[in-house]
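Shared between the two complexes below is chain A, which has chain B as its partner in the first and chain C in the second.
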Partner chain A sequence: MAIAHELAAQQREISVSEFFAKNRHLLGFDNKKKALLTTIKEAVDNSLDACEEADILPEISVEVIDMQNDRFRIIVEDNGPGIVKKQIPNIFAKLLYGSKFHRMRQSRGQQGIGISASVMYAQLTTGRSAKITSKIGQREQAHYYELHINVQKNSPEIAKEDVVEWKKERGTRVELDIEASYSAGNQSVDEYLKQTAIANPSCTIIYTNPKAEQVIFPRVSSEQPKKPKEIKPHPYGVELGVLMNMLRFSDDRTIHSFLINEFSKVGGEAAKQILENAAIPPQSKPREMSREMIERLVEGIKRTKIQNPPTDCLSPIGQDLIEKGLRKEINAEFYASVTRSPAVYRGNPFQIEVGIAYGGTQPADQPIRIMRFANRVPLLYQQSACAVTKSIIQTAWRGYGLEQSQGAVPAGPCTLMVHMASVWVPFTSESKEAIAHYPEIIREIKLAVQEAGRRLSIYVNKKRRVADQQERVSIFENYIPEVADALARLSGAGKEKIIAAMRKMLEKNKEYIQAHKEAHQVEERKEEQARLGGFEDE
Partner chain B sequence: MAIAHELAAQQREISVSEFFAKNRHLLGFDNKKKALLTTIKEAVDNSLDACEEADILPEISVEVIDMQNDRFRIIVEDNGPGIVKKQIPNIFAKLLYGSKFHRMRQSRGQQGIGISASVMYAQLTTGRSAKITSKIGQREQAHYYELHINVQKNSPEIAKEDVVEWKKERGTRVELDIEASYSAGNQSVDEYLKQTAIANPSCTIIYTNPKAEQVIFPRVSSEQPKKPKEIKPHPYGVELGVLMNMLRFSDDRTIHSFLINEFSKVGGEAAKQILENAAIPPQSKPREMSREMIERLVEGIKRTKIQNPPTDCLSPIGQDLIEKGLRKEINAEFYASVTRSPAVYRGNPFQIEVGIAYGGTQPADQPIRIMRFANRVPLLYQQSACAVTKSIIQTAWRGYGLEQSQGAVPAGPCTLMVHMASVWVPFTSESKEAIAHYPEIIREIKLAVQEAGRRLSIYVNKKRRVADQQERVSIFENYIPEVADALARLSGAGKEKIIAAMRKMLEKNKEYIQAHKEAHQVEERKEEQARLGGFEDE
Partner chain C sequence: MSKKPKEALEELGKGLVKDVLSNKQPKMIVPIRALSNVTFNKKTEMLQLGGKSAERNFFNVAHAKKFLQTLEVAAASKNLLEDGKHASLRDVFYMVKRTIPNTRTNVVDEQAESDDAIEDLELLTEQSREQLNINANKMGSVAGHVVIEDKGDEINWSKMGSGGWSIPSNVEEITFKRVRAKYVIYMEKAAVWERLHEDKFWDKQNCIIMSSQGQTTRGIRRLLQRLSIEHKLPIYVLADFDPWGFYIYSVLKFGSINLAHMAESMTLGTARFLGITADDIENYGLKKHLIAFKDVDVKRLEQLQNYEWFADNKQWQRQFKLMKEMKAKAEIQALSSRGISFITEKYLPEKIQKGEFLE
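Presenting the complex of A and B:
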């Protein structure tokens, strides 16, 4: 028998759950510490998305209970819209299932993997099912499920199903037991929640850590960010294969109406233009177009001038709230923020925001602190692999008053916050820890960072001038006795008198500098106000 | 109506093809240059795996045809066992389908994604179907398929199906049209094929590049590496959830026989031990065990001493062939290689090999060249994210005679090759470009690299001693005239005579050094031979 037959016998389908169970490091479960963060992150991100969808001011409670020997119980509860009964199993116990993937609109989740992956990790490490409670309205019942994933089939299995009493008006509660380890610091749950509060000012988080200490992050703004709108794809950046697929299943009668109905920013005139440039008759039937015609269509699109995509699909944090957030969390002397106007990569609208906090109690002799956010979610791992870091390294910081050695992150008492808002953030892995290096994205980050840098340099330079003056004065002060001595010998005048005179002179000088310094600060503040008022981006 | 119902209406399944089409950078298709490499890599890796399975000496032809405006036609043809008719569509046009994922045995492919991803990329960028021809034996028919992927369903669609004439005895031929760009250099197809030849000495590759130039990499060894054996999982590192799953579907009558049948290195005695340590009666029925019992079982396994996993599932390249490969490709003065004995991470056996080539025509003022391999496949991207690079950076190279600045790759005229062979290589992404940072893996790489470093230092130091001597001599030479002058004046003897005498003296000295030098080299060679003969790893 041909060897090929033996091989054929071994060929079989691999379920996406099996794949990720074996590759769980791709999902952010590569070690116990990270597993704790990832699990909480997925649950909180979903809660925030759900509240945003329903225009509800989020109030989320996160509880982490230490069950000993590396076991932790995680309970995340929100006041969101809740989940309808029949969807609960799929949403929590089926990978690649969700509402956000097929939609062009900014949201934290996009893959339909996250929370199910956490459920799978719980199952792998503790063998316990996920406990879900959800209620969609005052007069509705609260549904309780115990779920696990059939890994071979990537389908939910219901261990228990019940109707329970829940005083809450509506919301969802997730309880998971996982193998994990807890520690504070840079990449901890604490840090993630703190940064989440900065990027989501309208959200209140009540956090109970494994030591049973409660930390509350109250909302700093009581207006929910305006809900981003869903958009259609933009013709630029649409790929041949994707277009073929759209046409094949299109119900539009003509290619002309197809272009108008399926894409954003394509009106009758633009559609006509495209078809002319593609040498395709406007009446052609979408389903009947040949590969060659579609190829011409793609060329036609490239050759036609079309408006940029709409940007109401994005919900940036805003300069004002970024600065508020930084002031709340970081004790610095100088704050500034920049929000770029939206741009496009591969047909996806995106927008970059930057906040900077300088001086104060921040350490001066270390690399600056970088805070990365994607669609308001803090990114705590893989900093060096991220487009944000690359852009910061490629910026010349010496000119802005920070130390920087070749190819390194600048050093100084400074925190730099960068936020990318987009309908589709291209991550370097499913664990969503770093942004991929698309040139358009790097360019925008650089421009925003440079603008923040320029603001910083103005402040730093003034500060330096004043400092220099003070130094000159104090040096002079040190020499007074000798100078006085000399003068006394030369002039024959009394040394004490001369010293007194000189001190007096000095005092005046000091007052002058002090006055100057305050003037500087007032000025600084004025400028800041002005900027916060209505800074216009180039 | 509750908002939850609106949301529910949008919930739907996401096919794995849709997911990767949108995330194609995860599969190595993030830019045109890389797309060319990835496509060829996936096809060649499959051919090599297939030949290995069938104990056939691989002869693979790779043809890249430039079709203008960033379109390339890629044709990869092998002399492998071929693929049975009914499997062809699934293997080439369905993601997550294959024979290697569920099996514990070293192979290049492991995910069941690669080649279908290339087919999908071709379809996305050029809209053309993949053209596959395969024949499984002399007296069999050759089958021809034109395939594309139904992205919504992640299932193959057959555009054309035929029986064709193919003089070849057996083999498979893949033809894909993709959007790509070609350039030579570090991360090029040329480099990939060159390194593939080094790591696969029994393989012959005939490569026709886009300039229609043919390059042939002939096999340097005509014995096929011994085919790795498939093994069962080792009890250490088996996760609770996985174990629960195994038990649930087990046909074994007792837990005792289950342990013996389902795991490697577990005999009657070990099984008995485990169950004692877990306080579980040996006659318990696998299907009826509670979560608590299974948890005790995991603990029991941890507390029982069990032999290391078998290692005939691995197929290292071997010190001898590594050195042969390096000598063939790199013009250096000194070569050495190290093969560690196998180790285990998360229950997976793996083995590290290192080759080093120093001096010769290699540039002295740049970082050393690092060649990374996983299961004989060259890794050309994401060097900085790879466990190999991390291990090299964390090694102190000054002691081994190379320059190295804090936290950097060492510099010097040197090439370092590192190979990881394993039943499951943990990659940092589906594109399989970098090895994840598992501590056990990093430890092994370091130990191997250090051993190579020690060998290097012996050579470098001897070289240095000789060089110093020569320098002293030539310095003396420069001073001859003056010294002679002085002597002449003092002794009254003729200057010419004195110079002649001194030169004579010098010549002797030089001969002496030369002799010495040769002696050193002979010695070196002897030592090398000895090592290649039977170097024993600590």
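Presenting the complex of A and C:
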């Protein structure tokens, strides 16, 4: 008894903020290098989401200043819609506060942890508060805040609050001091911004790195991506716990109308069917359903055939823009892109897109470069744990003109980009680094990658044939003087005369090669045009 | 003599130049030298080249190099003919071997390539290698009561010391002055020839003894043919009891696949296989000196069994069958187990006297 009392004295509620303060690796703050990337990523993702929602062509400036002793100041400024004064403290200094968690809509952020976690990381490592400026319109005032998070209560603490002059029409500026380290390479801020520019061709990014060098990733399309629609959840994706919650707070008078109102693709007939399969009277009150009934309801849903969820809620990048994005950032010879028709995993609609850039200055003797994107956000860590990588490995690349050893990523001068757009991208962890291995997702990625591979192989084979022809010509060009010399010795005819005649014959061969090359290019263009309409599901 | 070959070479060159100047792709038509294009003519009992030929077009990547090799060899041969000099196969290899400018390719990398080109050239010009002033290496000895003349020198085969006269690769220009012999024994092994020579077998038995080292060279084949035709001498072949020994006889008698185009000037319709036969193993007690077959031996034996020219020959099929049953082979030298001179004193005289040979 006494021990239990003692233990009870130590037992208390843990706030979300406290939990994450101790488990920051779950959010992508495992080490100093990654912390820099995650902080910038969260801020940029938020900016892009906000611009997209407000139909604004994004222009984002990212500045990283080296403050010495592993401290960096990060300033991210956008031209987005801004944040109303009242919400600023909550958005930046309260974990799990956001607009995106409860909606079924494609967006970069999902849980409402990101930026506030960065603020907390700054606070833990440098003790400095976050400095936020935001303005929502030309004639509005710009509000300036310095914010802390109260870690025990998970609530914002305002250190300073002010109204300031800001020339910008509207936008948000975030300034954070964090402990971090900077290096270039595959998992760097530089790479993240470059890939972001590829997947978001309508945005301009101005990046100033810690060496005070400025890199501009310009906009290549002023076409704003289609604004994703919000949808209701589909019954197939709903779990028991979620369903219980939804029922408890439901205002619907009957379970029948609850199903129709709260889910997508459930009409009167489908609802009736579900309830029949679940053996639940249609007039039951949602709030009074027992746990046992809810379990039967979940079973009933499984046994009922329901239409797939609507897919107009998705906003793919599009074949055309994927290619433009790749052309802008990768120096290659051949580009192709594939956008699959939408598909569904566990009731969640999703869509896979693939882009490929082959040849050029890319190294031929190394594994291909894989760029993974989820809702236009580059995924730089945990490549090997990702469904994208698994699908690529399981594809037979030799037939498409790349080298591949058993169970490995193919090798060759190639970049392969895979984008998954979905209202809910299933990540393997909260730090959102790898896509989970759902069979439906792997199947779609494979089909898209195969389609891109087929088109790659057409190019590679033709290139090989042209190269063969060229080699042929060079063989003959070098052999002609030798053969002519021997013939002159045998026949007594003039060597030069023989060389000239043989060279003339070789010209015909060359013309053939040239014609072949041109036909090849034209064909490719036609092919592209034919494919712009998108692909039917197989 | 050397005028006609030179013309043939010139013709080859002129024909190709004419093609090139009239904008036609330069091509050579070369008969295929492979078992698939070789038939056995039952009437003449000779291997014959069939009608299949391959086109060698310079403007075909796969042919360009061979095309060049053949022309290089032809030009080299023309130079030899003009200078009145002879070169060995090895010489010709070095004469044409060099790196093609701007490439890392050599005209020829191995002698086998130039040898092959020379054989093609023989077919293209209908001239033998010797006529093109290209000789193989000398690889044979001969002894007997024979006097010949070669380039003005008189040579007596009975007075050549312990080494005998070494047979040149081109025997076209020698003339026989005096031939006193009842038959010729040709053996595949130089060591056996030396035994016969030391024992003065040719003197005692009044015959000619001849050998090579391994495969029979063209010079030897031609010399045997001339002795057979011009002096009506029977030719006996002494070889090991194994598929390779049998094949030496086969080449002498019927011709070889590679040189099917020259069968007429090479084959010896009258050649007789003296030994070692399966019966000799039995009769001369050589059983304990048998060497067990390897897989390759079995395979080669099966090939022999199926050759058209052996297919209907009951004597030979019986030998093949017996050898297959024994699954073993024996060397000529196995006879030495009965005494060092057993071969000259007993084996050969007995066999020839009794007429125990295969045809």
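Here, the second predicted complex is superposed on the first by the 493 of 538 C-alpha atoms of A that agree within 3 Å, B and C clash if a C-alpha of one lies under 4 Å from a C-alpha of the other, contacts with A are read in each partner's own complex, and residues count from 1 in each chain.
Please note the rule applied: contacts are C-beta pairs under 8 Å (C-beta built on N, C-alpha and C of every residue); 3 or more make two chains touch, one makes a residue touch a chain.
All values derive from a computational prediction rather than experimental measurement.
*Asks:* When the two structures are overlaid on chain A, which partner does A:Ala50 contact: first (chain B), second (chain C), both, or neither?
*Replies:* So A:Ala50 only meets chain B here.
*Asks:* Tell me which partner A:Ile393 touches in the superposition: chain B (first), chain C (second), both or neither.
*Replies:* In the superposition, A:Ile393 contacts neither chain B nor chain C.
*Asks:* Which partner does A:Ala411 reach: the first (chain B), the second (chain C), both, or neither?
*Replies:* A:Ala411: touches no partner chain.
*Asks:* Have a look at where A:Pro481 lands relative to chain B and chain C in the superposition and call it first, second, both or neither.
*Replies:* Second partner only.
*Asks:* Could you look at A:Ala436 and tell me whether it touches chain B, chain C, both or neither (first, second, both, neither)?
*Replies:* It touches chain B, and chain C stays clear.
*Asks:* Just checking: does A:Lys497 make contact with chain B only, chain C only, both, or neither of them? Give me first, second, both or neither.
*Replies:* It touches chain C, and chain B stays clear.
*Asks:* Identify which of chain B and chain C touches the larger number of residues of chain A.
*Replies:* In the superposed model, B touches more residues of chain A.
*Asks:* Quick check on my understanding: which residues of chain A belong to both its chain B contact set and its chain C contact set?
*Replies:* none
*Asks:* Can you tell me which positions in chain B touch chain A when the two form their complex?
*Replies:* Interface residues on chain B, with respect to chain A: 2-5, 7-8, 10-16, 18-19, 21-23, 25-26, 30, 50, 53-54, 81-84, 86-87, 90-91, 94, 96-99, 101-103, 111-112, 120, 123-128, 136-137, 140, 151, 170, 239-242, 244-245, 291, 294-295, 384-385, 424, 426-430, 436-437.
*Asks:* Any idea which chain A residues touch chain C in the complex?
*Replies:* Chain A reaches chain C through residues 471-472, 475-476, 478-479, 481-483, 485-487, 489-493, 497-498, 501-502, 504-506, 509.
*Asks:* Please name which positions on chain C make contact with chain A in the complex.
*Replies:* Result: residues 9-10, 12-14, 16-17, 20-21, 23, 25-26, 58-59, 61, 64-65, 67-68, 71-72, 74-75, 78-79, 100-103, 105, 107 of chain C touch chain A.
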